[in-house]
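Consider the two complexes below, in which chain A is the common component and chain B and chain C are the respective partners.
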Partner chain A sequence: MLVNWIKRIKEALDLIVPPTVVLLSLFVIWEFSVRLTGVADYILPAPSKIMIEIIANISDYAFNTLVTIGEAIGGFILGVIVAIVGAIVMYQSRFLERGLLPVAILIKVTPVIAIAPLFVIWFGFGLFPKILIAAIITFFPVLVNCLAGMRATSSDITDLLKTLNASKFEIMIKASIPNSYPYLFASFKIAIPLAVIGAVVAEWFTGDKGLGSMIIRAHNNLDMPQLFGAVFILAFVGVLLTSLVWYIEKNVLFWHDSQKNQNKIL
Partner chain B sequence: MKTLDTKTDDKYMRVESLNNRISISNICKSYTSDLGVEHKVLNSVSFEIGQSEFVSIVGPSGCGKTTLLKIIAGLISPDSGQVTIGGDSPSKSRSSKSIGYVFQDPALIPWRTVYENIQLPTEVNRQTGNTNYRNTKELISLVGLSGFAEHYPHQLSGGMRQRVSLARALSINPKLLLMDEPFGALDEITREAMRYELLDLWNKTKPTIMFVTHNSAEAILLSDRVIVMPESDTGDTTNITISLDRPRSEKTESDEIFNQLIKKVRSSYKC
Partner chain C sequence: MSGCLADGEETVNGEPENIVFMAGYKPQANLPFVGVYVADNKGYFEEQGLNVDIKHSASGEHVKLLLSGDIQFSTSDAGSVLKQTSSSGAPITAVALLGQKGQQGYVALTESQINSLKDWEGKTFGYKISLPSDYVAMMVAGGVLRENIQEVSVGFDPRILTEGKVDILAVFKSNEPDTIRSLGYDVKVWDPYDYGVPTLGLTYITTQDYANINPDIVKRFLKATLKGIEFAINNPEFAIDIVLQFAPESSAEHQSFMLRTEIKDARSDYTDKNGLGTMSDSQWKSLYDHLLEYNALENEFDYKESFRSEFIDGIYESGNLVWP
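Up next, the complex of A and B:
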């Protein structure tokens, strides 16, 4: 038991130590270059200044972080639900796929930044337009992957179910939908940072809450420590949410080949 | 096209009840390739199989063995001809869940345990009248996988996976068990062991078996009768009755008759 724990801690350290060393070295180089060259704060603040800024206004950052995470996750969930429903509908017939996929592509290729101001006019300054933009960004990769995963079901398994006269619905529930899980998780890993970007971009245009609005405010005031503070936290949020997806994936997809050579830490 | 006669004069023929015969008559099937060339895979194939008979279909690659099995299972429909299983059409047999199918690939569902995989056929198409299911636990021990019920396919060896696939096919107590080169992907040692295990299973559960292989020795060792499919669409199928004593064992393989039968099967390949 104890040996097992020591082994796990060692494995964890093996994973955590190398990136930490590299990141810390980069910060040290940054800190010293700023101090030695005497670059002004409004151009590039030292990491220590950014940390002090974050700690000094921690409650402010915490509140805005929660707002942005809430919008991103809300949009992500909405986008995923619509995408999966869409994939199931398109899976039913090639006709529906040919009809609906171009619409999905149209939504995808339209730049979100171009629609964001429109959504402000339509939906106001609340959370909804931000959730909607995060959802639009999330929607496409999830839809395409879910459909590909359902279509990739082993033909032997579907043949077997057909020899038992299983209905189309039963084949979908027992085989096609679970078969798409590895594809879905691959798309989640792409979509979750995109959802955060969507939420931040939406905040640039509207409202006064969230890390995106904080960035705009800091930019207007030339308050670089605050701008960098928000950027640091956004990066951290991205890492956190992506790790969460990896963690859930590892537990859901224990049966899939992709999990065979994964580190055991997450 | 003649209907191939079953030699009834030998004492190894099983008792056949007429209502559980499988009858395949004048099946034709052709495919059109992308280039528009029509390729005839089955040209008026006919034969009959008695209840609980073990029949192997051998023939060169591309002679339509798999197509024939799929037609019998109702997965594809023939251009012409008729299949009846105990008097029923393939689609009726499907809806009463009386056909078991084993593929070359075990085709297990990776997110289901051994137990859940074997249960799969009983979970679908519940409205059927057939509830004559085998007990999953008993099946697991029958195929020698006691203690592995909660394992997932990725934790099993190739031979074990194919045993699960076999147990899954038997779970619905099929009238007819279709096996499409089930041991083709296994290593030689496992393959030999699996043959005797299959014979043992067949002896205990007695489904009618149609076993596709391109290994003549395998076909002879297992079967009551070997049907050789012709290479070209103009040839006829050849029927070879295997009059070797049962139960069969390694001894059978060194039998003089066994070797003669292999020669006979091989010579009928070339027609």
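Up next, the complex of A and C:
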């Protein structure tokens, strides 16, 4: 048991140490560059100033971070549900796929900045328009990957199920949807940081809470340490949520070749 | 070789001084923008030995570009100058005050029957980003209980009012009231200034360093732009035609409304005596004290750093612009 614990600790350190060393090195270079050149805080603050700003206002940052995370996760869940339902509908027929895919692409390419103010008018200024914007950004990569995963089901498996008199619905439930899981998790790793961006952009147009609102206020007041503080925390949130997806994937898809290969690499 | 200008100041080798002015927003008939457009069009900059490259801010980058030395002059709201100096110690300074009253007002649809400040109670008030300090002060002045008002951040789209999502909306007096009227709605406008709230509007800004090193250029820039503003006041239609050269997609009627509104707010008893653009210590102190009282400033600082009136004062004699 002790050996297992040591092995787990080593695996965790193997994951955490390399990026930490790289990031710390970058911060050190940044800190020295700012100090040597004497750049003013309102142009580019030193990392030490940013950390002091975060620590001095930790409760503000914590509150606003929770607001943004809530909007991002809410949007992610909504986007994923709609995307999976959309993929299942499109899976039923090529006609439906060819009909609905352009609509999905239209949603994808519509600039969020253009429609965010309209969402406030249509849906009010609570949490819902922000969740909706995060959902719109999340939707497309999940839809495309889910559908690709379902269509990539091995013909050997579908043929086998057909010989057992499985219906089209049963084939979808027993084979196609499970086959899409690795594809789904791959799309989740893309979609979750996008959901965070969506929540932040939504906060720029309405709301006086959240990291996006902090960024706008800091920008207006030329408070660069606060602006960068919010950006740093957003980056941390993005990494945290993506790591969470990785962790869930590792436990849900432990049986899949992709996880076995990943373990070999590590 | 050198050329002479007013007051015996000389250009270097007869060449005009190259400077960059960046307006704090897109091209439109804000009074300080108009002063620059007209000065450029009528050759006033040329007469002052200046070659001015006119740019417009897309997303609020103008102050940072000013601080990095990429531009020499810009525009900013007086309250923003104080807030930015308070937050960051940024050495920006206002050299002329074109808004003797603040830009912000508050509107309700006439059909809403909201006629007095007391009628705001029980209603929903929408502000753009942060709760404005002049709104809070106006509520205090009007004896209105804020706990009976739902205050929400709604962004910048005025349709939030016409669609009934809010009952009262924070606006720029020279902009949204006309936009809302163009949508077919009449509005009632409240100005915090009318309730004794100290507010100030747009300024020309530069950096302390630039002003210290180039006082003559600052004066020449102000001479040319204030002459441009005088021309615009006397020839508003011509001025709008010039604005439309910079903003061809805009409506002439809307730009005309903007200019008329801002010309009205550029005048006060002080400017009638001392000249357009001039400013007093008491104006800035009152605004500073108000912002401090309502927690709109992060830190206390010497408010006198935020404005320098020697340049604008130096271009007038007995309230008349000295030209050239």
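Note that in this section the second predicted complex is superposed on the first by the 262 of 266 C-alpha atoms of A that agree within 3 Å, B and C clash if a C-alpha of one lies under 4 Å from a C-alpha of the other, contacts with A are read in each partner's own complex, and residues count from 1 in each chain.
Going forward, contacts are C-beta pairs under 8 Å (C-beta built on N, C-alpha and C of every residue); 3 or more make two chains touch, one makes a residue touch a chain.
Please read all numbers here as calculations on a predicted model, not as lab measurements.
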| item | value |
| --- | --- |
| Chain B versus chain C as contact partner of A:A175, first or second or both or neither | first |
| Partner chain in contact with A:S213 - chain B first, chain C second, else both or neither | second |
| Touching partner for A:M224 - first (chain B), second (chain C), both, neither | second |
| Chain B versus chain C as contact partner of A:F205, first or second or both or neither | second |
| First, second, both or neither for A:V120, with chain B first and chain C second | second |
| First, second, both or neither for A:I43, with chain B first and chain C second | second |
| Partner chain(s) touched by A:I77 [first = chain B, second = chain C, both, neither] | neither |
| Partner chain(s) touched by A:I197 [first = chain B, second = chain C, both, neither] | neither |
| Of all residues in chain B, those that touch chain A in their complex | 70, 73-75, 91, 94-95, 97, 99-101, 103, 105, 107, 109-111, 120-121, 123-125, 128, 152-154, 172 |
| Residues of chain C defined as touching chain A within the complex | 60, 63-64, 67-68, 80, 83-84, 86-90, 126, 129-131, 152-157, 159-160, 163, 165, 298 |
| Interface residues, chain A side, partner chain C - complex | 40-43, 116-118, 120-121, 124-125, 205-208, 213, 216-217, 219-224 |
| Chain A to chain B touching residues, read off their complex | 154, 156-157, 159-167, 170, 174-175, 178, 181, 254-257, 260 |
